[in-house]
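In the two complexes that follow, chain A is the common piece, with chain B as its partner first and chain C second.
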Partner chain A sequence: MIISSLTFLIIFAVIGAILYGQKLIKTEKSDAVFGNPERSKGGIHWVIVGSSFLLFLWLYYSWDIAKAFYPKSANEICQVAKVRESMLSLKYLFPIDERQHKSTAIIHRENENIQNYIKEISSNPNLNQVDKEVYINILEKIKLSIPYLTNEKYLEFETKITIDKLTERINNLTNVFPTDNFPPPLSLDFEKELNEGLSKQLGWGATGMEIPPLPETKLGLKYHIAADQLRLISDEFFQIRNHNPQYKTLTNDIKSDIKNHRDKLNDNQELEITLLKEINKLNKRIQFASIFPPTTLVEFEQAVRNFDAVQKKEQGSIATKDALLFPGGTIVSSGPTCAEDGPGRWLPKPSDTFRIFADMLKPSVGFKFVPMFWYEMMGVNKIVGFILPDWIADIIPGKYPIHSSDGQVKPNFKSKVLDIVTGNFEAFKIPVPVGHIWDSFLRVFLGLVFGIILGVPLGIFMGLNRFAKGFFDPLVELYRPVPPLAWAPLVITVFGIDNVGKIFLLFMVSLSIMIISARAGASGTQLSKIHAAHSLGASRWQILREVIFPNSLPEILTGIRVAVGMCWGTLVAAEFLAGTTGIGFVENVARKYMQYEVIWITIFVMGMLGLLFDITIRKIIDKTIPWRGKG
Partner chain B sequence: MSDLVSQDLNMIFKSPKGETVHALKDVTFKLKKGELLTVLGPSGCGKTTLLNITAGFLKPTSGLITLGGNEISGPGVERGMVFQQGALFEWLTVAQNVNFGLRMKRVDPETTIKKVEEWLEIVGLKGFGNTPTYQLSGGMQQRVALARCLINDPELILMDEPLGALDALTREKMQSLVLKIWKETGKTIILITHSVEEALLLGERVYVMAPRPGRIHKEYNLPFASRGLKQDLREIKNDKEFVTKREEILSMIWDMEEEIMGKETG
Partner chain C sequence: MRKIISFILGSIFALNLMISTAFSAANEVRIAFFLEWATPNQEAKVKKTFDKAFGVPVKWTNFATGGEMTEAMLSGDIDISYSQGLTPFVNAVNAKAPIKLVDVAVLYGMGGTTCVVANSSGITKANASELEGKKVAVPLGTMADYVFRETMKAVGANADAMQVIDMNPEDGSAAIVNGDVAMACLFGGASIEKALEVGKRVLTVDEAKAAGIAGIDVVSVTNKFLKENPGMVSTFIEVTHEANAAHRAGKSNMSIIAKDAGMSLDATKGQMSGFEFPDANTIKSKYMNDGGILMKYLDVMGNMFATAENPALKDYSKVVTTDYLPGL
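Up next is the complex of A and B:
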């Protein structure tokens, strides 16, 4: 319902925006010549068209439009796919979707193989003459056996009858299939079973059942039953062995030849044994290949072709839906199940995606027992205990209390301090954020903050002092060009897979960027400004704080913006590598379980968070350094 | 007596290639308190080097320079400087720029506010206190730079082509302003300029410097600056005496320039 309304809304929005654009052109105020950059300004209506277009592509290629307007179409196409699947082997025998008859292709290939073996054996210097003759003799016999399979006059009457019967059955099916007499009345057992299955059957989409396989419509039932019958026919056909007595005699002869020769061989004659095995395989391939004389299957082929044509014709609206609403792929059947094959599989449907996203956002669901973004009540004592290091209590003079003889421990000042720094006291609770999204955010934020705290002063120092520049340059320049992820295994080993390792990795990323940008900012200070500050009586520290720092601020903020982007990218990859929370972790787990909806949700969340970071910093830049580029 | 006395100043720059440039050679002069000296000369004659030494940004290779008997060995508040492009701190407002020196000295805020008001009025920027400096025109920026320098009450004001980047009209207004401030405050001023006209108009004394090695070529004592206090500047510019002097100095500088060109091509 929502998706179908959305589809119409998109169409209206696009038409409306285009009409509005047309109207706007007529009232254009700026010069209407090509190349005037003014003409690229504005254009919210084109933004609407662009986003509508994207949304439409998503809806269309994820087959969500098909799902919204024809919820049963996937089920019907699944039934058709079943027919296609059960006819596959039969069609494969004939030049319907292939170039040659299967018999022709096999005979051609195996004749060539025999020829190649003969050539190879006769020219092989490692075989002795006697063996060579035996092998070639066997191969010649195999070659002679083929005509027994392909000559009409050796065809057994029984085989012919079986083929005729099967042909008749297909023809019957072809005749009755388009009529109302098909499917014939279902047996009670079958109907009961079907209805039971249907009542348990879930809908199409991310419901745990990609495509509901049992036929839900009358037309679907027709194809379902036809597929069953065709499968039986196909199975029976491939049980036919076109083996007449003459062929059997010859094959047995060949087999015993092979066996006799094998018995004469020692186990260490590897070349000979391998050759014999190959020849035996070749013989078996011909034996079980369903090779028939060229004219035997003419009627059977026609029957298959007729039925294929009829079933295609009968598909009617199913075929149209398949062609129009299932772009880039279709639904395929494999045994008892059906599956999406194409973008419908890896491009999740918006309807499913939003439903799952809304589900995941519920704190009780989350992902892997951790909510996406929520809060939990935490005692202030725990936070204090986490922040304050325990050694504060240790360095207080005095000793910790010792239990007295009456079995009591009397606290003293030192033990009370220990209680505080370890968080062992009663306190009110405050909400603290938790969850995958929060964890990722916090890691980036802390990594960035540490990088700025250390990197900016160091960078400014390096921009002003020859020693500092020379001393720290090798260090920075050695580790900076290494892709951050290359450090990840090492950092994770040293600092652990949890927050510390990741924050340190991000700290490394942001540190080098901050050093370089602060250095560029500091060394870019105009000498005249520093001179001016000097002659106005500023001290060194004052010049640093009042002139050099504000002057480097544009560079520093640009550096932060770059660092945020780099940190964000590195974090997600680091979470991919190891960890138990974070948005990258969610994606990695979703990838393992092929939860395409979740993968896309994480991609979306990452994009939004990255955008949020960037917008925030852009706002800060506009606020704090309005003079940038105007000095 | 806070006179500026320079004795046998020498400044030799060595380039990394080993070439030596004699930027200043045996520069000796004496500037009494309250005098306005303008320095003229072709490019490369050491005008700015002389100014930087006086400001304390550079140390001379040899020689001595004293202000009021104290040797100049580094930058100081008693020697204010006005730069060509203003060198304002664009992250601060006009008032914050002007009171920069006072803030560095941690003068109490009330006095600071009063003084800033005063100086903004003198340089004609009343009401612009909260304007960011990057929004000001070139002339206004120079006014801020002047006020910023003067609020510190320096004994000596050094101006490095302060009006060089201004358009003709603004320039004239600023010239009057410089004269007015000179008269009202009685400060010693050294002003470096490229414009002969400006040097003559503003300079009570004019040094024409010559390049290679940089030295004081000729010295003039002129009446125009004192006249400029009472008279319209344009009238002075058309004065016969003024025109003769201007042509004399111009041809002198032309000759020097040509000599340099000759040296270079020959």
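Up next is the complex of A and C:
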């Protein structure tokens, strides 16, 4: 319901925005020539079109539109898929979806293989002449056995009858399939079972039910029953062996040749044994390949083709829905279940995605017992204990109390201080954020802040001082080009699995970018400005603070923007490494359990957070350096 | 405007075409396997026995985890996965992936997959409940994940109360050496060896066996390949079982296997001594039969790793078939 109204809304929004755009062009003054930046100003309506288009693509390719408008279509296509699956083996024999008859291809291939063996054997210096002749003789016999399979005159009457019977069964099915007489009345047991199953069956996309497999419509039932019959026919067909007496005699002959020769060999004649085994396999491959004379299967093939055509024709609206509303793939059947194949599998439906996202946002659900984004009441004592280092208590003169003879421990000043610095006291509680999203955010934020705190002064210093430039240049330039992820394998070993390692990785990323941009900013300051400050009597500190720093701010802030992007990219990989929390961890675990909805949720969350960071920095840029780009 | 619309329609059309042409005809067989996981059929792989038995060339691709094998099978790039862990297979069929289990590849005791607890933590199986609240490294969604949960059940500790950190075996062994985690569950010879330098197994190999914890790797095939080239699936299983039989008879060329697995000869021999490659009859009568060992495992694991979106199947026999095993 929501999705269908949303679809209409999108269509109206796009049409409306396009019409508005047309109107705008007409009313616009036309003196803005091509290349005038005026022409790229405004255009909120195109933003609407762009995002609607994106949403529409998502709805369409995840087959959510199909689900919203035709909730039963998946079930019907599933029944058709069952027929397709039951015919897969039969169709593969004939040039219906392929270029060649399967048996033609096999004969072609095996003749080639036999030729290759003969060539290989006759030129092999490790075989003696007698053996060579024996092998080549066997191979020639195998080659001669093929015509016994492909010549009409050797075909046994019984085999022909069996094939004819199967052909007729398919033809009967083809004739009766489009009529109302199909399916024939169901047996009571079957009907009871079906109805029972149907009453329990959930809809398409319900939790835990991808595609409801039992036929829900009359047309679907037709396909379901036909698939059952075809499966039987297919199984019976592949049990037919075109092993006429002449062929049998020859293969038995070949087999005994191989066996006789094998018995003569010692166990250490490995080359000969393998060759014989391979030749034996080649013979068996031909034996069980369903090879028939070229004309024997003509009617059978026609029957399969006819049925295929009829079942395609009978699909009617199902086929249209399949082609139009299930782009890029379809529903496939695999035994008793049906599954989405193509974008429907890896691109989850927006409705499911948002439902699961909303569910995950509930603090009681979360992901792996950790909420996505929530708060926790935490005592101020813990924060104090975390901030104050424990050694403060150790350096206070005196000793920690010792228990007295009556079993009491009397706290003294030193132990009281220890209680404070370790956070072991009662205090009021404040809410602190927790969860996967918060953890990821905090890691990026801290990595960035440390990078800025260290990188900016160092960069400016390097831009102004010969010693600093010379001393730090090799260091920075050597580590800067290394992709941050190259450090990743070391991080666990050196820093362990906690936040320290991940934050350090992000710090490495942001540090180099900050150094480079601050240095460029500092060395790019116009000399005239510095001279002016000098002549006005500014001190070194004043020049640094009032001239050089503001002048390098644009470079620094651009550097921060670049660093944010890089940090997000690195974070996910860092959280893949060893994770207990974080967006990257969620994505990695979801991948292992094939939860595509969760994967897309993490991608979406990361995009949103990245955007949030970027917008914040853009706002800061506008506030702090309004002169940028204006002279 | 017309140009924009035709561009958009054109690109949608092109995208549809691009996505739907995934499969190609079987003029080669594409098989997935693991490195550092020595199996007898690697000799057949090196000697091109498979290529000759199929009559078409074989393309072997190595993967890091069974989950990645599933992903490649779904995208149509792999036909047969050899030695996929049962856990990733279960996760795949729970997610309704169209793949089938056709053979048992390897049975292994806890020599190859195990949980190692750090000596410094002072925890043994007697006081294993002390692990609750501590950090443990587990590669989630793998056989080691299963072993972790089963081991904790066996020693009476609550796995849910531990702080599970998702780590690959290499990282997990580094973490336990560093003292970052109290316990690491791992697979692969090198990682376990490294972890054992600072810790010991929670359950010894024999204890794990007694508790009924064992690893099973399987052979899985895409449904489409199975329907279209059933003969090739049989051939693959046949050649593999021939190599297994040769190995049981002590006729495998270990140096070839070691080289292909990317391990030293000693490590290979050590690893393979903990592996069992059952013959077709045993598989049919003890593992893949109704109520067989494999079927019980599938049920237990299926429920263990079920999620709300991907619940356990009611009947796992629908994704298992013995039709392609060599006859009795």
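Rule of thumb we're sticking to: the second predicted complex is superposed on the first by the 580 of 631 C-alpha atoms of A that agree within 3 Å, B and C clash if a C-alpha of one lies under 4 Å from a C-alpha of the other, contacts with A are read in each partner's own complex, and residues count from 1 in each chain.
The rule is simple: contacts are C-beta pairs under 8 Å (C-beta built on N, C-alpha and C of every residue); 3 or more make two chains touch, one makes a residue touch a chain.
Please read all numbers here as calculations on a predicted model, not as lab measurements.
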Given the touch rule stated above, what does A:553 touch, chain B (first), chain C (second), both, or neither? first
Examine A:170 and indicate which partner it touches, taking first as chain B and second as chain C; both and neither are also allowed. neither
Mind working out whether A:572 is in touch with chain B, chain C, both or neither, as first, second, both or neither? neither
Under the stated touch criterion, which partner chain does A:626 make contact with: chain B (first), chain C (second), both, or neither? first
Who does A:588 touch here: chain B (first), chain C (second), both, or neither? second
Is chain A touched at more residues by chain B or by chain C? C
Scan A:531 for contacts with chain B and chain C and give back first, second, both or neither. first
Identify the partner contact of A:539: answer first if only chain B is touched, second if only chain C is, both if each is, neither if none is. first
On chain A, the footprints of chain B and chain C overlap at residues none
Sort out for me which residues of chain C touch chain A in the complex. 1, 8, 12, 15-16, 19-20, 25, 47, 49, 52-53, 55-56, 65, 67, 70, 74, 88, 91-92, 94-100, 135, 137, 140-142, 160, 163-167, 171, 174-175, 178, 180-181, 223-224, 227-228, 230-231, 235, 242, 305, 307-311, 313, 318-319
Using the touch definition up top, name the residues of chain A that touch chain B in the complex. 526, 528-529, 531-539, 542, 546-547, 550-551, 553, 625-627, 630-631
How about chain B: which of its residues touch chain A in the complex? 55-57, 75-77, 79-81, 83-85, 87, 89-92, 100-101, 104-105, 132-134, 145, 148-149, 152
Hey, which residues of chain A end up touching chain C in the complex? 18, 22, 53, 85, 88-89, 92, 98-99, 106, 109-110, 113, 207-208, 210-211, 238, 274, 277-278, 281-282, 285, 288-289, 327-329, 332, 334-339, 341-343, 345, 356, 368-369, 492-493, 496-498, 577-580, 585, 588-589, 591-595, 597
